[in-house]
Amino acid sequence: MRRLLALLLVPITAAVVYVQRRIDAELAGFAARERLLFADSPDRLRQLVPGFELVLADIYWLRTVQYYGSESLFNAEPRYDELRTLIEITTTLDPRLELAYRYGAVFLSEGFPIGAGQPEAGKEILEKGVRANPDSWRLRWDLGAHWFFFMKNPKQAADVLRQARKHVPSAPFWLESLAARFLEGDDRSSAREIWRHQYETGEGVIRENALYNLQVLDALDIRDAYRAAIARFRAAHGRPPESLGELAQAGYVRDAAPRDPTGAPFVYDAADGRVKMARTSRLWRSKYE
Amino acid sequence: MASEIPGVRKVAVSISNLSKSYGVGFLARRSRQALHNLSLDVHEGEVFGYLGPNGSGKTTTLKILMGLSFAESGTASLLGLPQGDPGWRYRVGYLPEHPYFYDYLTASEYLDYVGQLFGQSKQRRREQARRLLERVRLTNVGSLPVRRYSKGMCQRLGIAQALMNDPELVFLDEPMSGLDPIGRRLVRDLILELKAQGRTVFFSTHILSDAETLCDRVALLRSGRLLSVGRLDEILNQDVSHFEVLLSGGDAAALERIASGVRERMALGERVKLDVDESALGQILAVALQSGARILSVQPVRQSLEDYFMKEMAATPSQAWPLLD
Amino acid sequence: MAAPGLSRVVAVAANTFRESVRERVLYNLVLFAVVMTFSSLVLGELSIRQDEKIVKDLGLASIDVFGTLIALFVGVGLIRKEIERRSLYPLLCKPLSRGEFLIGKFLGLSFTLLVNVALMTLGVFGALLLAGRPADLHLLTAIYAIYLGLLLTVGLALFFSTLASSQLLATLWTFSLVVAGRFSDVVRNMQQVTSVPRWLSETLYYLLPNYRNFDLKARAVYGEAVSPDLLAWITAYAALYLSAVLFGAHQAFRRRELS
C-alpha cells in the first residue's frame, strides 16, 4: 500500500511543476514591470519608508546597475525603457547619491546600443543632481561636459562651468579655463582635455568610454594630417596621389600604411582622393567619413 | 498601651470593615461583592487559620493586605502600621496561591534577588538562602533552573522566599497545595517551628484537617462574610458526639440484631465498624464480647471542624452566583 | 544602606538584563552579523563603488530595525508577562514599590539594548574593515540618535504594557505609535492635502513621538558633522517625552488591580 502511495509522488511532483510553469507564464507579463519598480512614483515611495531611504536607494541603484548591465551585455536588442525611472527613483530616495546622477547620465546618454541614446534625459538627470547638491562641483562639471559633448552646445557648457566656479568656491581652477576654451570653438583639444580628465579620474564604464574617445581623437588627428598632406600633393601635382605609397615616396608623409590607435589601417580612396578610417575599425562612425 | 496591660495580647493584623466588589461580565456591568464589611484581628504569636470554600474571599483578603488589590472601604493594619506604610514589609513574608517564579533563574538566584530587595548584604543573602533551601529540602536542586521544578518544588521555594527576611508575620495562601505527604509534613513542621519562635502565622486553606491540627484560632469565611472567629475549642462542641467501635470476628448474626444505639454499621473486610451512641456503648461492647468478637478499638468522636463547617454552610444560604476561584 | 530605593531599582534592572540574556534576546545579533557580512562581501560586488556605502546604510538600518523590534516586543512583555504569569506577586509584597519596579524594568531593557547596539556597532565597523574601508566615527552620532529613539520605544511599550488589557493590544498600540511617529512630516502636512484642520494636524504633530528627530543617518553616511546643539536638543526631547510616558505608565500601574 505504502509503495503505491510513494509511486504517486512522481506524477504529483510532475503535476506541480507543470502547474507552476503555467502560473509563471500567466504572471510573467504582469509581474515584470512590478518586479522592477515596486512603485510608480518616486516621491510616494520615498514617503513610504521614513528612516530607511538610504538603504532603499542603495538597493535601487543596485537594480539600476544590474538592469543596465544585463540589457547592454546580454540582450541582442537592448531596451532601456525602465532605465530612466530607476535612476529617478534612486535619486529621489537619496538625492545625495552623486554617482547615481553621474553614471546614470552616462548610461542614458551614450549612443544606442551602448547606452539608451537619450542625452536629453541624461542632461535632466544631471540638472536634478545639481539642484539637489548645489555645492557639488563635480556634478556641475559633469553637466558642463554633457552639454559640450552630448548636446553639442559649447556655449551652454561654458555657462555651466562658469556658474560652477561662482557657486562653489572650492571648485578647481581649470573649470574656468575650460569654459574659455569651449567658447573659442577649439573643439578637439578641449574635448581631449575633458576625455583625458575623465580617463584619469573615472572608473569602469566612464574610463573605458574616455579611452575610446581619446583614441577617436587621435585617429581623427592622423586622418586630418594625411588629408592635409594629400591637399598639398594635389596643389603641387594637380591631382590626388595614386596611393598612400606614392604620397610617402614623394616625401609628404613618412608612413605609407598608417594605422589608427586600435591597429586598423586607414584606407585611401583613390577615386575621390580621401583618406578614411577603415570601416572595420572599432572607432569608425559614419560621421567621420 | 494595650499590650502592656496583662492579659491583653498585641495585635499582629487588624482588619476593619473591609469591603470590596468586582465588576463581572462584559464591560463589568454586574458587580459581585467579594468582601462584606470584614473585620477581624490576629494576635501576635498565634497560628491563625483562614478557612472557607473556594471563592469565599480568602485570597482577596490577602491581596488587599499585601497591596496587590485595593479595598473600596475599610482599613487594615499590619504590625501596628497602616496597610499603606511600606515599613511593615521588611518584617512580613507572603506565599501567594499558585506561586510562579522566573523560570530562567535557579532557586538560589531567586532567593538572592529577593534578598537584594530587602537590602541584605551579599554575605547575609548567601547565608540565608543556603539555610532556607536546606530547610525546605531544595538544596540538591538549588542550582537547577526553576523551569525544571515540579509543582511541589515550586511551592517549597515559595515558602523559602517568604521567609527570606526572617519575618515576624507570615502569610501563607494554601501552603499545602501541590505537596505530597512528605512535603505536607515539612510545611506542618515548619509552621509549628515558626510558632515556637514566637512568630505569627496566618494561613488560608480549604483543607480543614490541616487547620484543625495546627491552628490556635480560626476564622470561617463564606461569600465574603465572616461566619465565625475564635479558638477551636471555643467554636467546636467539645462534647463527645458518639463512639467509633472496631470489631473483628464474632457472631455476625448476634451483632446484626443490636438495633438501638447503633447509628451506622460498616463492614470492612472481616472487620466491622460501628458508630455507637454513648448511652448504648456499654451494652454493645458486652454483646460483642459475648459473641466472641475481638474489640480492636473504641474511639470517642467529637465534632470535627469539618462537621462544624458543613453545618455552618448549610445554615447560611448562598447567593445565587457561580463560585469563582 | 544608602538610597535603598536605588539599590532595589538596580536589582530589578540587573535581573531584567539577566532575563534578556537567558531568554536569548541577544541571538538576533547572530542574524545581524550574517546580514552585515553578506552585505559587505557580496553586495559591494554587485554595484559600482558602493561597498562602503551599502555596509553603512544597511548597518544603520539594521540597528534601527532590530533595536526597534526588541524594544517593542520585549518592552511590551516586560510588565504584561509579569502580570499574566503572576511572577509579580511575591515581589511586590517585598519593600519594592510599583514605581521602583517599573523604573527597574525600564533600565534593565535599556541596558540590554545598549549592549545590543554596541555589539551591532562593532559589527558594522568590522564589516567596514573587512571591505578594506576605514571605520567611520561619524556613524556614532547616528547610532546615538537611533538609541535615543529606542529608549522612547521602550517607554511607550511599557506604558501600553501597563495600560492595555492584553499583550496583543499593547503591541498593536505601541507599534502604531512608533510607525506614526516616523511619518511625523506627513502628519504635519496633512492639512495641505486633506480637509483636516490645521490646529488638529499641528496638535497631532506635537503629540506623536517624533522619530524623525532621531534620524541622522544621511548626515552620518555622508560624513557631515552634527552640531552638539542638535544632539543636545534631541536628547532633551527624548528625556522629556520619556519622562511623560513613564509618569503615565506609573500612574496607570499604581492603582492597577492585580487579579
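Residue numbering begins at 1 within each chain, and the chains themselves are lettered A, B and C in the order written.
By our rule, a contact is a pair of C-beta atoms (placed from the backbone, for glycine too) under 8 Å apart; a residue touches a chain by one contact, two chains touch by 3 or more.
No experiment lies behind these values; they were computed from the predicted model shown.
If you take subunit A and subunit B together, the chains in touch with both are C. Relative to the whole-protein C-alpha centroid, the nearest chain centroid is that of C.
When chain centres are defined as mean Cα coordinates, B lies farthest from subunit A. Counting C-beta pairs in contact, the pair that comes out ahead of the other among B-C and A-C is B-C.
Centre-to-centre spacing of subunit A and subunit B amounts to 91 Å, using the average Cα coordinate of each chain.
Centre-to-centre spacing of subunit B and subunit C amounts to 48 Å, using the average Cα coordinate of each chain.
One inter-chain figure worth recording: subunit A and subunit C are separated by 46 Å, centre to centre, where each centre is the mean of the chain's CA atoms. Across the complex, subunit B meets subunit C through its residues 63, 66-70, 86, 89-90, 92, 94-96, 98-102, 104-105, 113-114, 116-119, 158, 161-162, 165. Listed in rising order, the residues of subunit C touching subunit B in the complex are 1, 4, 7-8, 11, 15, 18-19, 22-23, 85-87, 89-97, 255, 257-259. Within the complex formed with subunit A, the residues of subunit C that make contact are 43, 46-50, 53-54, 57-58, 60-61, 64, 182-183, 185-186, 211-212, 215, 217-218, 221-222. Across the interface of their complex, subunit C is touched by residues 47, 50-55, 57-58, 61-62, 65-66, 94, 96, 99, 103, 203-204 of subunit A.
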